[in-house]
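Here the chain labels run A, B and C in written order, and each chain numbers its own residues starting at 1.
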Amino acid sequence: MDLILLTAIFVLTPPAGVRAYDTPDDRGGSITVEWNLSSDDAAVERYDVYRSDNGVDYIKIGVIGKGRSVFEDETENNKEYMYKVAAVQDTIIAFSEPSMRVKSVSQWIDRKKINIVVAVFIFGGIILYFIYHARKGKELFIRKIAGVQAIDDAVGRATEMGKPILYCPGIGYIEDIATIASLSIIGEVAKKCAQYDTKFINPHFDPIVYTVAREIVKESYSSVGRPDAFDPDSVYFVTDSQFAYAAAVDGIMLREKPATNFLIGWFRAESLIIAETGASTGAIQIAGTDQVSQLPFFVTACDYTLIGEELYAASAYISKEPLLLGAIKGEDMGKLVIVSILVAASIIGLVTKLHILDLFR
Amino acid sequence: MKFVDYLTKIDRRIIYVILLAVVVLPLLFPSALSVRVMPPVEKLFHAIDAIPEEKALIIDFDYDPQTLPELEPMGFAILRHAFSRRIKVLALSLYVQPLGLAQNALIQVTEEFNSTAQTNRDSVIYGRDYVFLGWQPPPLIPILGMGESIINVYRIDYYGNRTDTLPLLKEIKNYSDIALLVSISSGDPPKWWVEYAQNRFGLQVGAGVTAVSASEFYPFLQTGQFSGLAIGMKGAAEYEELVDNQLHVAGRRKASEALPSLTYAHLVMIAFIIIGNIGFFIKRRQK
Amino acid sequence: MKRTIPLVLVFIFGLLGFIPFIVPHEIVQSSDDFLRNNFLKILAAFALILGLGSLLRVHIDKIKRKGQNWPYSWVLIITFLVTAIIGLFGGVTGQGVLPTRIGSFSFDIWTIFFNIEVPLGATMFALLSFFMASAAYRAFRARSTEATLLLVAAFIVMLGVLPLGNSISPHLPSFAQWIMDVPNVAAQRGILFGVALGMLATALKIILGIERSWLGGGGE
């Protein structure tokens, strides 16, 4: 009698409302199982999740701690499953009712990223609008960037002194935007070197960046009618070890004593080692990077520094191509629109109870 | 040269010699400096301390020999913390260079514990208490892949054992079994863990970074994307202080030993900046 | 044609990089996996061969011409070949076909790495502290109000992170932490924000073929 009474007292309430659904916005192979916690959750040790593909035989596929009510299961696409969840306390197991049949599929659109895509299209649209106007011959004002304006003088200085120019594109890879921006500038600098017959030295850290830079420099020499002046050994791969590269560049600076150093690209800790050595040789140094942690070192050791997106704008500034200038203008307008939206959303979020932040998740 | 000119044009070699002296002498004649623990390191400590028994800690060893003095002490201190609290540890590297350094840290800390262990339970046993997963290029593969299955990404561990035979990995399947990942790195990996693993799988991330790159990681700490942050040698010394004081775990405190050198080097730099500015102001007045 | 084909390829691969971000479907994701894990690796391997070829050619030419410092080119070529042979045939810790041990003296690739590359790299990195001191001394002048403000903040942060800072004032470390947490983060966010949008715009310009300076040569 006492045993029956004890058993009656210790019957566990099973979890209820088991819902299984295809995990949204994924490549398939996943089903999410949710349930309402057992009312005896405080006494529960854990929840065991069971799965069946025929509705009859269930196998245990996972375990989750008490207080938790979500489980993600790895599944085969387009195969139907049913789920049960059991509350477990020692040897007492209480099974839920089975869920509906569900299968996992791949989705074509990740709905969580739609807001980002919309923002990209708006931003891109603004840029294209200004490019369209630039094409029509509209004058566009871009503020002066001291570092970019100094490029001509810097190359001229090297020519007059009969010393070479060193162009160091940093230790980035080809997928880094700063490296791509650097490659956009290298062509312009190479053209000036070709025109003034100034020696050009361009050591590289990454083999892929080296192959691209070599072609750019060669094409630049050809474009100003000096293909004969291009020295293939002026653009070369050194090493893909960070500090060995810094040592190599330092060695070039101390031996060749370039009059002008361009340190433009993606840099890490070696930035100050390179920049300070260049400063000690008395060269004019024009640097540019989007690495926030290295900017202070360049500002300290170099004569001119392109900060962040000034680096991306530089090629437009040098070439003065209307399309590129229009793109810069478009970028600025786009930034203004985005900042305005952010300020408005912040005010709305602070002052009202609207879940405005959800738009940006 | 007039004295005022000299103040603004001190030969850099003099600066280097003085700096060399203030860095080397405290190492030859050690002294102790008190360490005040700052909130970012405290947060990291408590985040690791709060890891429940059924979950594990992943340590991403991503420092290279150049940043070893700043970051290795963090790795040691975190391992001592984890092993003393019987927290299960998975170690990995996203690059090949740190592998030897990670192995070195695991072996040394394991030996520290096993040399004083009385029973098998007290010991730190490979496969039961920790696993060294090794390296799986490119970095995105383990960062994304471990959200689904750790043993699918690392089919064998660093030592060539099949990961599906290791006891620890029979319980720890993927990120849902991981309470925290700490990335000890001199570069961008902590950001990648947040961008990919945290955004997609909700993984909690902490970081140990070099002092020079710390400023770019503060925003992540502020937004709660990092559960804690240890910065440079000072951060490592703070973590060592917490492990020593709160857990009473003995072990060489390399960062704390180097703190006097760091302190005096900072003071020398400040002194030279002040000297330079004094000369600058006097010259400006004279004009 | 010479400029059209690269522009078309950039457009296609640019889209192929963007589409997997919003389309989680298995077909798209597996293609993306293939591009990233197989295609790019093969590309990188060939580029490495080109890079190494360039390095050797530069130094062999220097030796032939007896250019400036040409003996060091021999040092580079010999160490390059020796390390490559040991690495390729000696195994990582000496398990390869080539013996890498004479008595207790081992010269496998791991030993070479830890005893040569590591100390050299550490030495170069250590130079940073000296260069930081000389650069700070040379450049940190209170030339203007903003520069003075920056200098004072730098002093507070430098002292605040040291144990000595706590001895000067117990509020100094907290104030230094506040400078790093608030004004520093605000400025960082501003720059990061601009950089992120600049990256997006640059990527769009390159994919759409508006930015073509990376192709080299004159404009169209």
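Here is the rule we go by: a contact is a pair of C-beta atoms (placed from the backbone, for glycine too) under 8 Å apart; a residue touches a chain by one contact, two chains touch by 3 or more.
Just so you know, these numbers come straight off a predicted model, no measurement behind them.
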item: Longest centre-to-centre distance from chain C, chain (CA-based); value: B
item: Chain pair with more C-beta contacts, A-C versus B-C; value: A-C
item: Separation of chain A from chain B, taking each centre as the mean of its C-alpha atoms, in whole Å; value: 24
item: Inter-centroid spacing, chain C versus chain B (mean Cα positions, whole Å); value: 20
item: Cα-centroid distance, chain A relative to chain C, in whole angstrom; value: 15
item: Two or more partner chains touched - positions in chain C; value: 117, 121, 124-125, 132, 134, 136, 138, 140, 188, 192
item: Shared interface positions of chain A, touching two or more other chains; value: 242-243, 269, 292
item: Contacts with 2+ other chains: residues of chain B; value: 12, 66-67, 215-216
item: Footprint of chain B on chain C - complex, ascending; value: 36-37, 41, 110, 113-114, 117-119, 121-122, 124-125, 129-130, 132-134, 136-138, 140-143, 151, 155, 158-159, 161-164, 166, 173, 177, 180-181, 184-185, 188-189, 192
item: Chain A to chain B touching residues, read off their complex; value: 65, 72, 74, 242-243, 268-269, 280, 292-293
item: Touch list for chain B against partner chain C, complex; value: 10, 12, 15-16, 19-20, 23, 33-36, 38-39, 64-68, 100, 138, 140-141, 211, 214-216, 218-219, 222, 234, 259, 262-263, 265-270, 272-273, 275-277, 280-281
item: Chain C residues touching chain A - in the complex, by the definition given at the top; value: 21-27, 29, 43-44, 47-52, 54-55, 57-58, 61, 68-69, 117, 120-121, 124-125, 127-128, 131-132, 134-136, 138-140, 188, 191-192, 194-195, 197-206, 210-211, 213-219
item: Of chain B, residues touching chain A in the complex; value: 12, 54, 66-67, 148-149, 176, 186-187, 210, 212-213, 215-216
